[in-house]
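Dumping the structure here so I can ask a few things about it.
Each chain carries a letter (A, B, C and D) given by its place in the written order, and its residues are counted from 1.
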């Protein structure tokens, strides 16, 4: 009898890593850069812009700060932030980007708005309107300007001018990478999730768009109510252990999920590895019991992040 | 000859207060309370929930944190935040509240969600669904619970249960209270706006929903482009002083606006007084030159905040 | 046989409260108020001023922010912070207050410095120098000013003038109130401590001067090394359970302490009650196992905070 | 006639750069790394450790956070912060480092403490005690451990063990690099200083140890009071313009100074260039009028940062 028939076993610092995979989806994506006179004002703009952007289900977009940028890393030499945005279609993405830029960046003192993807510009990338649409706010007083082959708009506002790139490329991205932290108690799950999200914060090309990077309302497809396409993942709800066919043992009393969107497979795989390892190193043997991942049997999303491959 | 024909004159610490008024609109409003295991997690939820909520034009809702609450001020004795939300209709308000609660509070570890308006509950206030709608996420495992005449739902999630009040009252509110700070230069305008917003932060019943509480893209009604219902307020754009019929003198080089939504006239009037006085005390004689307000000739909104009445 | 001979038993939400007491010491105390043009600059000053102020042993002073103040709560109508400071003697307290005010408040843009104890001024309170000493920095250009029976100094600096009250009262305070959270694992202890400190943050008259309000290096009196007057509290070190006479059971793997200084007995007793209850409500049944307190057999400090009396 | 006799003239974006120099001093320096379970706890430790560390005059040490570190940049793979510290002598530096580590790092949950200078270790660098002294807190239960030629101590505490490097190298550093921002009004000076400090925050090898990175109490050597070795720099106090021999014109109403300590000449020169350029770009033509620097005629400190050389 060959051992290849036996289920593989993997643990990190005493934490069992389940032999399963996270199932993720094709999305359309882009990166924006918001700069301002200082980080305070840039942060006001990107915090507003990336709010209510946790899940495409009701927000239409998943959007968050990727990382802080120094003046040496931005197009206009001022401090700023890179923001990543993901949507189910290019149309949704463009519509949301325009609305959020108009309401949260155009309005915010001293900001400017740029594409963060210029390096990847090529003929295969479609462009989405940015200044191209927002310029009309200038009521005819806006001025076009070309710099290094890129078009920008200078739109007069009460604190001077809002500088905004004409358009931004749209690239392919992946949404819904994830892992679940299974713990003996709520405080362990909370701390493990925080450590994982803190470690991932430095990872380029990836965002964790839920509040604090974490989801506690994991969902399954379908519901007993016809109108609901998804409902609580009862198999992972500790209060339902005696009621449904639970995946939680009697020692497993709290589960939190980290959901990740990324610009490519490697970004998400790398972030999963970073986050899981940090949580296991911190709390293996102290109540972090297992790590698993969410999927739909592989039928819905074509990107499969196999924990054992990523973490070995 | 009577002096009553002469234009009134008012200044605070050397800053000229124009004899004009802010014109504001009827809105529908509500107050929500979000609690969590600590302020960190409560803040994650309300920050997400109140993002992209600067103006009803594209956000459909204007929503922001009203203030931080200690455990002694919340229904479940845990730390939290009060959030105020405003929309053009009760339908818009209910729809946005449900979506934002579902995406940003239900999802966030350890949170609970309550109405913050119970004291004002009476037969004349319509109720908007909250747990009434969100409970279906529980897929039949949710449990109803009555406490002190109020109905709540306990919805099983991966970290335990999400406790959510059944519904929340809807009250009348006012949106679009405002004042403009006119300064000799951008840094003066930035600092004066910051001081004003910082002072207003303590005011109950009012929010300043734009990024950092401030707008630099003041708008006028109409545009040379047919599709645009509003466009840049060119009379207050310093770069257009030589081009349009400007309201700015040659010394006035930067203008910022604070926009306020409130639960009643007094809240907004009080916040305008607090903010304007703080800015004038701080920077009168140092580059803050004038305070004015935005209106549409009194034709659009029925609430008029007359600066000279409020500030005398 | 009377029940009075039996050890009392008390638990809160399943967490055992030990029948012991925190032993605290007489200290000298004062409250200062730092204001500035906005909370940003006031916070820079008080953060600097209250750093390296965790324990009198090497810092000579225990000092921390008591709470944020709105403009309506400060002597000059500007936003600010109240700071509480404690030392072993009036001389130490005055010396440290002067040094820290000179290095961290006088230096910080736009700040002013006031006593926060005026209401309690009476003939029995000694006064400590503040502006009385700092004024000499003005090199003869400082100006004295009396307002409502209080003396102030206006000291010329590069951003205008530093306004500083002449002197501040010194009152009796209490240092070393404390409680220990005993948990099944580190993440539980961390979260329980955070919840306790977050709850106490609102309590008036009290500070938790250690980093984040928490101590992990609990100490016992004495050491095997002659020069050390205190050393690690080995009875509460989980890694020493098999080596020393431990107070930890095999399930108790992490302990954190909250240390409190207060202006009177009631402030500290109230804060202990608030903190312990919040932690127990949050994590009883989830790994928070017991609450105890640190004392020296009652021989060193004359203030005894009996947990069972405070928490019943 | 040669032009070489004419004073050099330099301006950046309309801001006059004076042809003068900052005079700085030899100091002893070191870099420490503090890590923890997440950035929250690491920040609590380094904030406490670097408080009351603005100037050697009364603090004995100048110490501040250099930058945030990801897990990939620290010795133990956990998130953390690099801290730079400077003192007038090696003895002062060692004494302060030990006290601050003992009171603010040893005490703080989950932290570990390392040298951040290993790469520069060589026979010429003296070593200062760290774990070598702190270990005695372990009361004999501490354990020595060698990794890659470095010695560490594991000291039992209530949350597990405090890991601390045995000793740290001491290097030569420079203290007192500086520049002054001269503005038309206080809000301009405040914003210009903030922009400069925000830009410098990314610079390696340098700290700006005053509150928010800024000093408003510039000083001159000497005083009319014998006991004072320094007093207010009256030539730069706007309120004294009519009273003393002022360096301020009637348009110059507020001055703020940024003081910099660095590990070498290049670090400070680079930070001066970065900060001055950012402030001038932001506020030239808007009230930032001139940039100058503080010196003592070149007689006291041997490091001279000539603005015209650095900024050309």
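In the analysis below, a contact is a pair of C-beta atoms (placed from the backbone, for glycine too) under 8 Å apart; a residue touches a chain by one contact, two chains touch by 3 or more.
Remember, predicted model here, so these are calculated numbers, not experimental data.
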Chains in simultaneous contact with chain A and chain C: B, D
Greatest separation from chain C - chain, by CA centre: A
Chain B and chain D: spacing of chain centres that average the CA atoms, whole Å: 40
Rounded Å distance between chain B and chain C, as computed from the means of their C-alpha atoms: 36
Intercentroid distance (Cα basis), chain D paired with chain C, Å: 28
Two or more partner chains touched - positions in chain D: 37, 40, 186, 190-191, 254, 282
Chain contact topology (line, ring, star, complete or other): complete
Residues on chain D engaged by chain A in the complex (per definition of touch): 37-40, 70-72, 77-79, 191, 194-195, 198-199, 201-202, 274, 278, 281-282
Touch list for chain B against partner chain D, complex: 183-188, 190-192, 253-254, 282-283, 286-288
Chain A contact footprint on chain B (complex, rising order): 37, 40-41, 44-45, 47-55, 57-59, 99-100, 102-104, 106-110, 136-141, 155-162, 180, 186, 189-190, 193, 210-212, 214-219, 223-225, 227-228, 231-234, 236-240, 243-244, 254-257
